[in-house]
Structures are given as C-alpha cells and as structure tokens.
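Across the two complexes that follow, subunit A remains constant while its partner is subunit B and subsequently subunit C.
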Partner chain A sequence: MSNVIVCFKWVKAEDDLRIDPATLAVDLSKAKGKISDYDRNAIEAARIASESAGSETIALTFGSNDAKTALKDALSRGPKQAFWVNDVSAENADGFVTANMLAAAIRKIGSYSLIVCGEGAADTYAHQVGPRIGALLDIPVISFVKEMRIEGSRLYAVRKLEDSLEQVEADLPAVVTVLPEINPAPIPGLKAVLEGGKKPVTEFKIQDLDLEDGDTSRKTDVVSFKGCSMSRKKILINEGDAKEKVTALVAALKKEGVL
Partner chain B sequence: MAGVYVYSDNTELCGELIALARTSEQEVCAVTMSDQQGSELAKYGPDTIFVLKGQNHAAESYSGAIAKLLTDQDASLFLAGATVRGRDIAAQVAAKMKAGLISEAGSVNFCNGKISAARYMYGGLTEQVEEGKGLTVITVPSGRYAAVNNDSVKSVVVSMTVDTDPRIKITGSSPIVKEGADLSKAGRIVCVGMGFDKKEDLVIAHKLAEALGAEVGCTRCIAEDRGWMPAETYIGISGAVVKPDLYIALGVSGQIQHTFGVRDSKIIVGVNNNEKATIFGVSDYGIVGDLYEIAPLLADAIKNI
Partner chain C sequence: MSGEDKFDVIIIGAGPAGTACAYTLAKEGKNVLVIERGTAAGSKNVTGGRFYTYALDLVEPGLWEDAALERKVTHEQIMMMAGEQSITIDYSNPAFNKSGEMPQSFTILRAVFDEWFASKAEEQGAVIACGIKVDGLIEEAGRITGVKAGGDEMFADLVIAADGVNSMIARQAGLVPELSDKTIGVGVKEIIELPAKTIEERFHLKSGEGASLLMLGCTEGIHGGGFLYTNNESISLGCVFTPSEAASHGRQVHDIFQDLKMHPSIYPLIEGGKTVEYGAHLVREEGYRGIPKKLYRDGLMVIGEAAGFVLNIGYTIRGIDLAIVSGVAAARAVISGKNPGPAYFEELNNIKLLPSMKAVDGYFDLLEIHRLYETYPKVASGVFNKMYSISGETPVSIKKGIWGVLKDNKVSLWQLVKDGIRGYRSI
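Entry: the complex of A and B
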C-alpha cells in the first residue's frame, strides 16, 4: 500500500486569546501555536493505519512561517516526512482555499492510498476540509470515523451519526475524517522529539502547485470577528474548611433562588 | 429555478431550513432522496420538492447530483442541516461548485441581496460574521429556527433519476441506544469532569444529583475517552447545549469547548481543587477544594434544607 497522508493544522491556542471586555476586540498576537487538538489524534490514526498496512505516513500542512514549529511537533508523532505549503495566506484562509492547497499538494506528492484529516479544527471547527479534499481529488470520503481498518486495498470504517453507528466501506485511495475517540494521541517522548527534528521536510510555495485562477482567494468575506462575553459573578469561596465552604455556597444558592 | 435550496436528512431540521429560506423572499426548493421524506416535507410548504433517485442509498453519494442540480437550476444558496451527513454533503457540494461554505451558522441574514451568517470560532470564545460571494453553502444546526407548517403553498414535486457515487457502500447500521437523560430540558445539572479518578466514584455525582433533583451530565473526555457515561450526556460545543437554573461542575477544568454548552445557565458553580482552574473564571460561585470531600458535604447540606 502506498502512503498515508495526514493533514494537520497549526492553530492559535484558544487559552491565549485576549478579549477586551469593553469592546470585545480579540487580540491573537500573544497566542502561541499548537497542532489542532483533534489533528493529533488524526496523526496517530494515520500512523497506526500505515503501520498495519506496512506503508509510510506523511504529514502535510498549509501554514505560514509560523507553522515551522508545527512540523517538528508533527514529525515527533511518527510520520516519516512532512510537506509544508508555506504561504502567509494560510492565516486567513477559508475551507475553500485550504482544501485547494492541500489537494494540490497531495497531487504533487503523487502516491497515496489514504488521506486522514481530523473531524474539525480547534479554531474554526468547520468540518469541511476533509470532505472537500475528497471531492477535489475525486476519491471517496468517509467522515466522522470512529474506527477503521484496512484490508488489502479496501477501507472498512465505523462512522458515528447522531443516533447510530454506521459500517461503511470504500476502495482506496480514500479520505477519512476521524473523531478524536478513534485513538488517543500520545505525547511524544524525548527521543521521538529529537528524531522528529531530524526528519525531512519538503516546502512548497504556492507557485510550485498546480492551481487554477481564484483557487487562492477566500469565497466568503469576514465582516466581523469579536469575542463573546460570558460574564459571571466569579465569587470564589476559599475561606474556612470544606464544611464552611459548603455552608456558604448553600446560603448563596438559596439567595439566588436556585435551591 | 433560481432560489434557495435546502437539504437535511433530519426532516424536522429540513422544516427549520425551509422556514429560514422563506425569509430570503426567494423561491424555496427542498432536496430529498426519498419519496417518503418528500411527502413529509410538503407540510412545510417549500415551492418545489426535488426527489433525487439514485442507485446508492448512502446520502453522501448524492453530493455530485446535488451540485449538478444546483448548477442546472442556478441556485443562489444551498442550506444544509448541520448533521453528520449534512456537513459531509455540504462540504463536498461546496468543493464541487467552487463555493464558500459557512459551517454551523447560528444565524443567517438576507439583506440587500447579500447573505451573511454568524458562527462561533475558538470553541465559542469568539464569533465571526461572514458574507457569501456568489453561490454559497451554509450549514445550520438544529433548533436555531422554528419549523412552520405552511398549507398555503402547494409544493410541486419533481422526481428525477440521478447518478450517485457507487464507491462508498454502507454495509450496516446499529442504533446508539440513548441511555442518558435529556439534558436540554433539565432544570439542574451536576456535571462530571476528569477530576473523577474512576468510574465507581461517579456515585458521588449521582448522590448529589439525587439530593438536588438534578440530571447528571459530563465532559467530552468522560464520555468519549473514558467511556464512563453515554455520549449524549456530554455537554459542550460538540455535545449537548443546556440551560439549567443551576449547573454544578465537579472536577471540570472549564475549557471553552465545554463551557460553551452551559453559558445560558442561570447559575454556574465550579468545584475544583486547582485555584487557577479556568472554570472559576466562568462560574458564579466557585469552591476551591476536593470534589471527593465537597460533593458529599453539599449533598448532605441540601438534604437538610
């Protein structure tokens, strides 16, 4: 079986977002990057799939210069090499642009039997890039997968719907989007981290890719982007022993009329 | 026929989309893959119901046929219900049509011939409003709009044979047995977080819930990673959205993806042994302490009221 390609996104850590309580303006400038949470499970799922099929895992991302750290992190999680479409437009790309870039990069990589994507990204959680890639490459898509196994050139998957589990199969090559519960995402050990730093990374620029006019511009305009306010009383009961704290809480809840 | 096209495998949600599509003052066309759903949709009064008939019964295998229909009919907008199938189909249709897709829109507005939609980002910390250019695809979750029965429109039914993608095959399906309570209607909720060490300890949460007359919910990790509670009892952006009068989080860190689902609660209480836990920033009352000690004391205190 040929390569398993796992797509991952480098996102801003939501814990580092600063929201101005008065204006609700969002400051992303101090936010550190991270591999989107569920993409870490996806990387591990790809590693397991390629191990079982005796093939190689390749990590692929579309990101700006910022994503450089991401590559090392991703490679320390098992993939043998990484490809990086490096363009600043990644910072405000929509699903249309991202899928175009990734699909073009996958075509350039050429040999693949399975594309693995996370269910949704931690920042946008838009659930669209995986199925879009399948449509662009004209290969079958199985989304929201909770279990999968490869036998020969066929993929068997269990998808999770609102109220049922569905057994689905398709011939490879195919795209899967995986749920985080497909497998845990182990934290790489020191040795893996050191090895990750030595693995090969191939960088693509947009002009290296076979794209059509318009493929690199967003299809929706962002009209506004602001913080949501969640203002709460934030009263911390920290005085006294456990019993006293509980008594204070019960008194407060009674006063609120919720007991 | 130009207009707004709607699809959802969930008939009620499709009714909600039809009501939303009506606000566009354009033609409203529903797309379905079965005669049965087609007849069920008639009560919502779309102008036209397109019944697509193909060989493959997997709804996702119709995305090429839907894209072709939208192109042939010169549709202005495709609204899909944000279910698992709807998200998949919407994304594939958008890709095939080189269209933008605004996912999980909380609200959709038609104004001066333009279409805009608001959606949450960063797990619900921020909200973004996007405006479509040209044909746009939007997915909308259940419950954002009310379905309206509309007998005044007699829907025209158009059946057509279409090509479906033969490559994906559904070979079986097993229902997920819902064991958990319907949290969306609960007046009080006790929430179990990863602060619980083992499954047997959940009895502590159940005892507190019993004293309060509350339902028990959990975080995603408890349901999906640990498998200690049914999936329908986890609360958050990808789970249940609740609005009880009282929500008590036991051993919950308070990450936005979870607290998104409780932000409409009247009073939020956090119990966490880490003084710096995020939950305290989004709670009305917080107790810094060990849930193993606090929860039983709280249950006793409530019983004694």
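Entry: the complex of A and C
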C-alpha cells in the first residue's frame, strides 16, 4: 500500500482569545498556535493505519509562516515527513480554498492510498475540507469515522451517525474524516520529539502548485467575527435551611425553564 | 547506546538558568539538549517580575537589546502599610538609566521572556524539547549518565539540573535536602492588564519607564511582603509568605492577598484592570546560607534556584539574574575542560556570584526580626499619624508622640535597641 497522507490545521488556541465585553471584538494577537485538537487524533489514526498496512505516513498542512512550529509537533507524532503549503492566505481561507491547496499538494506528492482529515477544525468546524478533497481527487469519502481497518486495497469503516452506526467499505484510495474517538492522541515522548525536529519538511509555495484561476479565491466571506459573552443572572440563594434553599433552587431553575 | 541517544550535556529545565547554560554551551559548539516540562519555555513559570540586565550581558554582550523585556525600572519604591495607612518612599536615580547605556533593570513577564530566551539558545544550536518531564536520573556505578523521561532514556557526559526551587533531580541525587517550610516562601501573584497610558499616568512614568514597588506590613504580621511591577500593558502584583506561619495564622494566604488588592493605596493603581493570570510558586528565602554544600557529583551539576541561588533581601528579590549567572558559570566550567566540580566553584567565584550572595548574607537575620512585618510598619504609620494630624487641639510633642506610639504597639526601648543593633549588624 502506498502513503497515508494526513492533513492537519494550525489554529489559534481558544484559551488565549480575548473578547472585549463591550464590543465583543475578538483579539487574536496574543493567541498562540496549536494543532487543531481533532487533527491530533487524525494524525495518530493515520499513523496506526499506515503501520498496519506497512506504508508511510505523510503530514500535510496549508498554513502561514506561523505554522512552522506545527510541523515539528506533527512530525513528533509519527509521520515520516511533512509537506507544507506556505502562504499567508491560509489565515483566512475557507474550505474551498484550503481543499484546493491540499488537493493540489496531494497530487504533487503523487502516490497515496488513504487521506485522513479531522472531522472538523477546532476553529471553524465547517466539515468542508475532507469531502472537498475527495471530490477534487475524484475518490470516495467516508465521514464521521469512529473505527477503520484496511485489508489489502479495501477500507472498512464505522461511521457514527446521530442514533446509529453505519458500516461502510470502499476501495482505496479514499478520504476519511475521523472523529476524535477513533483513537486517543498520545503526547509525544522525548525521543519522538527529538526525532520530530530532524525529519524532512518540504515547503510548497502557491506558485509551485497546479492551480486553476479562481482556486485561490474564497467562496464564502466572513462578514463579522465576534465573541459570544454570556451574561450571568447572578442569583444567590442563601436564605433559610438546606431544605428551603433546595426548594428555592428548584423553583428558580423551573422559572428559567431549565427543569 | 547509539550516537542518537547521547549528548554532551543534558539540561533539565528551560528557566533562565538552564537556558543561559544551554546558550553558552551551544555557542561553544557543545551538543546540548534542554528538556522542559512546560509546553513552551516559561509557560508555567511564576516570578515577581524584575530582572537585572547585567546578567544577559554576561551571556552575550548586547543580547539585552533584542530581549523580550517590559519597562526599564526608573522608580524604586518601598511602601509600609498599617491598616489603611501607608508610607511610601520613592527613589529614582537617572544614573541607573543613562541614555545610550544599558539600563540597570527591567520588569519582565516570564512567559514572554523565557520563550524568547529559549529561542535564542536554539539559534545557537541547542536542542530544546518542550512538553516533556524528566522523571529521574540514570546512574551507573555511582555516576550519573543520563535521564529518564516517560519510557525514554537519554544519555550525556554531563547532566545539569536547572529544575528550579523544588529540584526533584538534585534531591534524588542526594545533593539537596528536602525543603523546609521555614526557609521558603510561598508567592501568589496576579497579572492585571491595563492600557500602557493608564499605567504611565498612575505611576507618573514616561513611555518605556517602569516602577518597582515592594510592600511591608501587608501580610497581617506573617513573615513576608508584597510586590508590584509595572509591565508594558499590565501590572504584576503579588505577595510572598512564610508557609509555616501562614498555616497557623488562620486566614488563607489568598484572602490576605485579596485584601492587599483592595487596600486604599493599591486599589487605585489596579482599578479597572483585568486579571489575566493567577499563579503561585515557592521561592527560597535563605540566601547564601541556603546554598547546599555540594553542587556537583560525578556526572551531575546543579544550577539556578535548584542550587539555592536566590536573594530575597526585603527591598528586592533576585533569582533570575543569579540563575543566569550560575548557568554561565557552569557552562564555563564545562568548556574549560577541567575537573567539573572544582571548576564550577571556581567559576561561581570568578563570576562574583558566591561573593555577592555572601556579602548580603546578614539580611536573613534582619528579615527574621518579626516586628518588621506588622509592628514597625504600625509604629512608623503611628508617628506619621501624629505628625500629620492637625485638628486645632494642642499637639503633644513629637518625642512624646513617638513614645506613645511605641507603647501602643507594645514595643519596649530595649527591643527597639536590640532590633536596631541586630539590623545594623546584619547589613
């Protein structure tokens, strides 16, 4: 079997976002980057899949200069090498542009049998990129994957739907978008981290990719980006004995419509 | 063991000590690995927040110009508090900040500074592995030969413990005893964000200038004190307490700290600010006499606060600069190629670290005077109260007033003389 390519996104850590309570403006300037949480599970899923099939895992990302740290991190999680489409436009690309970039990079990488993506990115959670890559490469897409297994050139997967599990099969090459529960994402150990720093990274610029006119123009525009700030009701129940307090609490919860 | 798994030096901890050591060694071509448990250097580190610049110049002349520093300290302040009253002394000396020269001291934020410093060591060729905790040392025939982390083992000619105040590594190696609750302080600290302009107005600073304020009498009599440093767009405010006393005091350290924030002399300085970080950390209090007898054994060296290199002398806390200096001394010892143990001590003396700490050793005795933390701030405020209370009534003479204040605070002449002599001797 040939390469397993795992796509990951470098996002802003949500804990570091600052929201101005008055204007709800979001300040990203102090936020550090991280590999999108679900993509960490995806990287491990790719590693396990390629290990079982005796092939190589390749990590791929579309990111700005900021994503440089991401590559080391990703490589310490198992992939043998990484490819990086480096362009600032990554910072506000939509699923359309991102999928175009990644698909073009995948074509350039050439041989692949499985493409693994996280089900959604930690920041936008748009579920766009995996399915779009599948469409661009004209190969099957299996989404919401919670289990998968490769036998020869066939992929067996379990999809987790709202109230049921669906077993599906497809011929490779294929794209899977995986749920975080597919497997844990272990924290890399010392040796893995040291090796990660030494593995090869290939950088592509947009000009290096075979793209068509319009491939780099977004299909969706973000009109506004605002924080969501919950104002608390600040109800304090501290009168009476325990029984009275509980009664008051239950009454208050009922009044709010939560019970 | 393969070549891949072996370094010249493994340093545990990417605090100022470990990073300074790594920088210096890597610059001389040594193959250095720094292992840091935080996800990034500085991510977990709590400090007060002022730094004496000379130390960076020892690492590399001019390095400070590019450093992630906040404001240069132009105002040194001491505040004595008694209840709602306070007395502040503000000292400024332009000679500390002559234009065109290296300013003497800066306020810093460790999360920013440590990460910058680690990136500089990386530029010199050091390998920094973050997000990994060293679990223990590897010992072979009485010699330390490497470290264990998770399931991995990594070997080196020399391991350097730069793992900070409560060094598990130095303890494990039998070099440093268990910390005693009488010789350490517990620090709590908040970083409170405010616009640069607001900070400059409230502290009467020009752009880029900063204040360092230490407080006495804000710990309800517990051995300790408060500190406040102005950063570019935030204020670091905290308090250090002796834990054994705090435990028997009856009130939570955190609550005493909250009261400090609400003090009429402090609240106006932080009003409207937003707390963005809260942290607690230990700090050694013993100074010179707290330095362990042995800082080296075959294959292992101890640097920074792990080795006791901190000075808490009431008007300032110095740990970051001393950590850096000790890291440079250790690196120089390694580079010299001499017998590392003696060479390290020689370098610690050459670089003036041990002599500087010895020179102020007596402060520990001064700070042991208990009346410093409540009684004397009260006495001083009492005297000022007498001086400044004007009501039209016939005042008592200042002399008489002072006696009255001493009596109110149950301080005898004998105690005053004794503390005076003790204080004088200790400095």
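Annotations for the structure displayed:
Please note the rule applied: the second predicted complex is superposed on the first by the 232 of 259 C-alpha atoms of A that agree within 3 Å, B and C clash if a C-alpha of one lies under 4 Å from a C-alpha of the other, contacts with A are read in each partner's own complex, and residues count from 1 in each chain.
The criterion applied here is as follows: a residue touches a chain if its C-beta (ideal position, glycine included) is under 8 Å from a C-beta of that chain, and two chains touch if they have at least 3 such contacts.
What you are looking at is a predicted structure, and each value in this text was computed from that prediction instead of being measured.
Shared-chain residue A:Val88: touches no atom of subunit B or subunit C.
In the superposed pair of complexes, A:Leu194 makes contact with subunit C only, with no contact to subunit B.
In the superposition on chain A, contact of A:Val250 is made with subunit B only, not with subunit C.
Of the two partners subunit B and subunit C, more subunit A residues are in touch with B.
In the superposition on chain A, A:Ala25 contacts neither subunit B nor subunit C. Once both structures are placed on chain A, no subunit A residue is touched by subunit B and, in the other complex, by subunit C. Residues 10, 58, 60, 63, 83-85, 87-88, 90-92, 94-96, 98-104, 116, 119-134, 136, 165, 167-176, 178, 188, 212, 224-225, 237-238, 245-246, 256, 259, 263, 266-269, 275, 278, 280-290, 293-294, 297-298, 301-302, 305 of subunit B are the ones touching subunit A in the complex. Within the complex formed with subunit B, the residues of subunit A that make contact are 12, 14-15, 17, 19, 26, 94-96, 99, 122-136, 139-144, 159-171, 179-181, 184, 214, 218-228, 230, 232-238, 242-243, 245-247, 249-250, 252-254, 256, 258-259.
Against subunit C, the residues of subunit A that register as touching in their complex are 32, 187-191, 193-194, 197.
Within the complex formed with subunit A, the subunit C residues making contact are 5, 33, 35, 40, 127, 129-132, 149-152, 154.
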